[in-house]
C-alpha cells in the first residue's frame, strides 16, 4: 500500500520527573486500518494516547496528521484535528445527565442514540445521571459519543478490559466496521484474541520505545510477545493444570457457605460453598449481580436475606472489618477503589495493619518493612517510580492491591477481575500466585471477565445470570464455549452461535493464550 | 515541538537544588522565614533581639497548636472552624471557675466542653457525613451562644487568671518562653503521631481515599471522631495557654486565630484536599504569619494598605512554596 | 404590672462594654417597673442587618426601640419607618442622622480629646505617643480619632510614634504593644481606645518603662491604676450603663415627658491617679468583682435607678 | 416526575419548610402583613446576592471566602462615588461597580489558575486585599447614594390588572432580586458555559477530557461570583444609603445557605433556587425569633442548631437513599 499515513507520530518522549514514561515512541496509522498498540505494563501506551490526544504535553516529539505537523495542546484541539480517544477511565461528567454530557461536547444526539443501540444497550435513558450508570455501560457510552462525531482516528485505550463478553463482542464488531469504512482505529488491549480478530498491524512498545511494527498474521503472537518482553522470559503457554495438581479437596466443613443470599433486586437466592485450598471461579456477564455478591461477602453492603457461614459459624458483616476479622479479604477490580494514590507503596500494603483501634499506637517499623518487602518481592512489584503509588503503572498498582492481603496473610481472598488491564507476563504471575495460595490451604473466589482464565486458575466454576446462580460445574467442563453459553443463561449442552470470540475457528485459534 | 531527547545524565545545579528543596520542603519554608526576619531587621535595625524572639515565639505557639488542629483535620480532607470557640470557652471557664474551685476541678470543667464539641463534630462528620466546614461552623455558633448564656451566670463571681497559666503563658526562663515547656512535647507528640503511629497513617489514608481504607477494614467514624476530639482537646489546651498569655477573659478571645490557623497549615504545605502535609511545616507557617504580623504593625502605612500587603504576601508565599515543592 | 414592650437592637456581641450596656437596659427596664417585656435583637451584624432587626421589631409592634446604631446614617430608613409606625426611637452611645429619633449618647469625640489632652500634659507637651486605635472603619473609632487629632493639634510638640488598630481585640493589642516594645522605638506615652489592661500587663511583663497611659474606665484598668506601682495613668469614663439611660429616656417619652432637646450628651469624666482628687474617684469606682472588660461606671446618676446586684444579675422583666 | 423529584426533592422540601415557617409567623404575630413581607424581602436581598456569588463557585468545585469583602469594597466604592453627585451620575456608577466586581472576581479566578494555590487560600488572601482596598476607599462608614436607587428596593410595584391586595405582596426588592438573578442565571444555566461550570465542579479531569476549557471556565465562574457580590454590595448601599468598609456577616451566612440549599461543597451538584429559598428560611427564622422575644443569646444557639440539624437530616436521607 502506498497510502500516506493518517497519523504519524515519531520521537515522542515524556518524562515524569526522573522517570521516563516514553523515550522514543513512534506510531504510524494508515487510513482504514485497525492498529494495535501493544506493550507490557508500564510500557507507556496510555501515556502515548494521552499525548496524541492533547491530554498531557509531550517533552519531545513530532506529530503529523495527514502529513501536516500539528501541535495538539488540548483534547479540544485533538477533536478538531479528528482524533478522538476513549480513555481507560470514563470521561462522562459524573454529575451531569447523558444529554447534558452530549451537549457539552457538541455531540449530535441522534447518531449517538443509534450507536448506543448498535453497541447493544437498548434501555438507556438520556436523562440518567452519569454517576448512576454502571461502569461498563459508561465505557460503551464513551465509545458511542466518540463514534457519533465520526472521527478520523479513534483511539481506544483498553476499551474492552472492563466489558463483559457480550458488550465486548459488539464493540469489536463496530470497531471492525470503522476500519472497513476507511477510518483508522488505534486499539490497545492485552487480549491477543481481540488483537488477532480485529487488527491489521500492531506497534509494540517496550520501556517507552517503539520496538517494532508487525502485520497481524496467524502466528505473529509469539513475535509480539518477544518484542514486548524483550529479555524477560515468560512462559506463555500454561497448560490447563493436570489432574494431579487439581486434587479436588473434599473438606468436611467448607470455609465459606452461602445460603440463599439475596441483595436487593440485584441478587437472589445464591447458595454455594467455598472450601479451603480451592479457587472457585465466578463467571457472569456484566451486571448480573456478581458485584453485589462480592460486596456482600466482603462486608461492604448488607445482604437483604440469606445467610453466610464462615467455618460453620453464621456471620453477619456490618462493615468490611468484620469480614477481615473472619479472614476474608476483598480485592476490588477498580484499583482506584483500593489504593491511597498519594501514599507510598509501603503504607498502602501496610494499611490493614493499622485499621483496628488497638493498632492505632506506635508502629514497629522494622517488622513492617520486613513484611512489606516480602510481599513486594513475592509479587515482583516494579517500584522504580518510588514514593507515591500513583506514579506506578497500572499493572503494578494492581499488584499492590493484592500484595496487601498477602502481607496480611488473609485466609480467603475475593478477587474481582484482578487481571483487568494487565500484561501477559503479570497475568501469569497472578495465576501462579492464586494457585500457590490455594496450595497453601487458602481459598480464593475469583471473578474474571476473561473466560479463558477460568481453566488456568479455577477448580470449580460458579455461573451467575440475572442475579441467580444458574450452574456450578467442575473446571474440566469449563471450556470457553461452555462458559459462554452458561453465562448467557443457556442450559449446559445447548448450542448457539454467540459471536466471533466463541467461534473456535476464528483467527484466535493460534493465539498463544488460546486453549491448548 | 523539538525532537531532542532528554538526557538524564547531566543535571544542572539549579535543578539539583530545586529537587533538593522539593524533597525537603522545610528548607524553602525556613528560607522564607529568614527572609522575612531579615527584612524586618533592615526596616527596624536592632529589632531582632532576644526579647523580640521570645515574644514572637510566645504568640506563635498558640497559633501553631491551633494550626496543628487544622493540619490533622485537613489531612483527612476536613477543617475545624470550631477551634476558636473551643479555645475561648475553655479559657473563659477556667478563668471563672478557678475563683471558687480547686484548679484540677476547674481544669476538668474547662476541658469538658472541648471534648463535647469534638465529639459532636466527630459524630456529625464521621457518622452523618456532614461537610466539616458546616459542621464545625454550626457547633461553633452553638458553642458561642452557650458561652454567652454561661457568661451571664458568672458575671457576679468575677474572673481570675491562675498564676500557673500566667507563668506558662508570659514567663521567660533563661531567654526561653515557658510556653515551650508545653509546646515542645506537644509538637513532638503530634509529629510522631502523624509519622509513626497507626492513627497518623489512617489520617493520611482516609484523606487520600476513604473507600480504600474502608475495604482495608478502617472504620471511618472511629478515626474521624477520635480526630475531632483530639483537635478540640488541643484547642482547649491552647485556650488555657492563651488566657495565660493575654490575661483577659473575653468572649471572643481566640476567634481571631481561626483564619490564621488555616493559613498557617496551608503555608506549611498541608493540602486542604487531604492526604498530604505534615506538622513541622505548619509550625514554620505559624512563625511566618506571626513575623509577618509584626512586620506589618511596624510599617508606617494606612491600615488599608497594610491589609492589602498582608493578603498579597500570604498569597505570594504559598504560591512560591508550591512552585518549589511541585518541581519534581 | 408593666405596660410597655421595648425593643432593643445591638450589633456587637461578646464585647464586655456592649454586654454591660445590654445588662443595664435589662436592669433599668426591670427597675422602672413600667416594662412588661423586652424584645432584644443582639448579634454581630452590620447596618443592613440592624435594619432587618429594627423592621422585625416594628413587626413585633413594640412601643419603643432603643438602638445602639451600627452606623449613624445607615439605619435612617428603618428608624424613620419606626417613627411612622408610632414607635419611640432612642439611639444610645452614638448619634443617628434620623431627625425624629432621640439620642442619648456618650460624647466620643470629647472622650478622646479629654484623655489625650491630659496625656499630652503629663508628657510635658512634647515627645512621642503610641496611638492604639479601635477597629478600622468603625464610626466610633473615627469620632474618637477626631478628638485625638484635636488634642494633638493643640500640642505641636507631641508626635505619633506609631499608630495601630487593635480592632478592639485584646490579643491583637497585646501582640502589637509587645512588637512595638521590641523595636526599641522611644516613646513617652500611650493612648489606647478601650483596650487597656492588657497593655499595662505587657509593659509590666517586659519590664518596659511605665510611661503615662490613658485608657477607659474598664474594671481591670481602674484596678491597675491603683495597684500597679509606678503607673501613671487616667481612665476616661465611657459608661456602658448608657443603655439603661436610653431605656429611661424612652420610658419618659412614652409617659409624655419629652426632653427639651432631641439629643442628650453624657460627657465623659477623667479619673487620673496623679492627683489626690482623681485617686479618690478611682478608689471609689474600683470594683474588683466586675469582669475586667466591664466599665466600672455601672450607673449614671439621674438616669439609672437599678442596683449593682440588678445589673450584675443581668435579668430583664419576666426572666 | 421521579427525575424531577430526585433532583429537586431538597428544594421542594425547603419550600415546604418555608411555608410552614410563614404559617408559624402568622400564628406568632397575627398582624404579620404585606409590609412585613416587604421588610423580609429587603433583608434577604444582600444575603441572596452573597449566596448567589458563593453558589456559582461552589458548583464549579471551588469556594470563595472573599464574598463579604468584595461586597464591602463594591459598596464603599458605589457610596463614595455617588456621594454628593447628581442623580444621573448613578447611571454610570452602577455599571462601573458591577464591572469592577466582575473584574475582581476574574482576578480571583486568574490567581487560582495561574498560581495553582488552592482556591480557599487565594480567596482568603483576597479577603484581606479587598478589605484593605475598602478601607482605602472609605476609612469610616459614609458616602451617599442616589435617591432613585434607594427607592428601587422600597415599596411595591403596582402591576396593572392585579388587585392591590396581591400587589402589596410583591415588594420591589423581591422583583429586583428575581430580575437580577434570572437575567444572569437562566441563560447561563442553559448555555454550554453553564454546563462547563457544572462539569469542572463535578470532575475536572473528565471535563478537561471532554474538551472543556477548564481554566477559562474557572475564571469565568469566579468573575460571575464577583459580579453577584457587586450586586450584593450595591444592595447594601441601596438599603443603608451608605458604604461600610467592614464586611458584614455575609461570608459564613453564604456558605451555610449554599449547603442548606442542597449544593454540595465539592461541586457539580445543585442549583441557585435552593440556596435562595434557604436564605428566606434563615431570615424568616430570625424574624420569628425576634417576634417571640427569645433571649438573644439563645437565638445564636437556635440558629446553629437549625443549621446542624437540617444538614444532618439531609445527610441522613442521602445515606438512607444510598442503602
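In order of appearance the chains are A, B, C and D, and numbering begins at 1 in each one.
In this text, a contact is a pair of C-beta atoms (placed from the backbone, for glycine too) under 8 Å apart; a residue touches a chain by one contact, two chains touch by 3 or more.
Source: prediction; values computed, not measured.
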Checklist entry - Hey, which chain ends up farthest from chain C, C-alpha centres compared? => result A
Item to check | Of C-D and A-D, pair with higher C-beta contact tally | outcome: C-D
Item to check | Intercentroid distance (Cα basis), chain D paired with chain A, Å | outcome: 46
Item to check | Rounded Å distance between chain C and chain D, as computed from the means of their C-alpha atoms | outcome: 34
Item to check | Cα-centroid distance, chain A relative to chain B, in whole angstrom | outcome: 44
Checklist entry - Just curious, how far off is chain D from chain B if you go by their C-alpha centres, in Å? => result 31
Checklist entry - On chain D, where are the residues touching two or more other chains? => result 134-135, 139, 245, 295, 297, 299-300
Checklist outcome for this item: So chain A residues touching two or more other chains come to none
Checklist entry - In chain C, what residues contact two or more other chains? => result 13, 136
Item to check | Touching chain combinations (by label order) | outcome: A-B, A-D, B-C, B-D, C-D
Item to check | Footprint of chain C on chain B - complex, ascending | outcome: 44, 46-47, 49, 51-52, 55, 58-59, 144, 148, 151-152, 155-159, 170, 242, 245-254, 256-257, 290, 293-294, 297-298, 300, 303-304
Next on the checklist: Under the definition above, what is the set of chain D residues touching chain C in their complex?
Outcome noted: 29, 31-32, 36, 39, 42-43, 46, 134-135, 138-142, 150, 154, 235-236, 239-242, 244-249, 283, 286-287, 290-291, 293, 295-297, 299-300
Checklist entry - Within the complex, which stretch of chain B touches chain A? => result 1-6, 8, 192, 196-199, 201-202, 204-205, 208-209, 211-219, 222, 226, 275-276, 328
Next on the checklist: For a test of understanding, state which residues of chain D touch chain A in their complex under the given definition.
Outcome noted: 3, 192, 195-196, 198-199, 201-203, 205-213, 267-269, 323
Checklist entry - Which part of chain B faces chain D closely enough to touch in the complex? => result 124, 128-131, 133-135, 137-146, 148-149, 152, 259, 262-263, 266, 271-273, 302-312, 314-315, 318-319, 322, 326
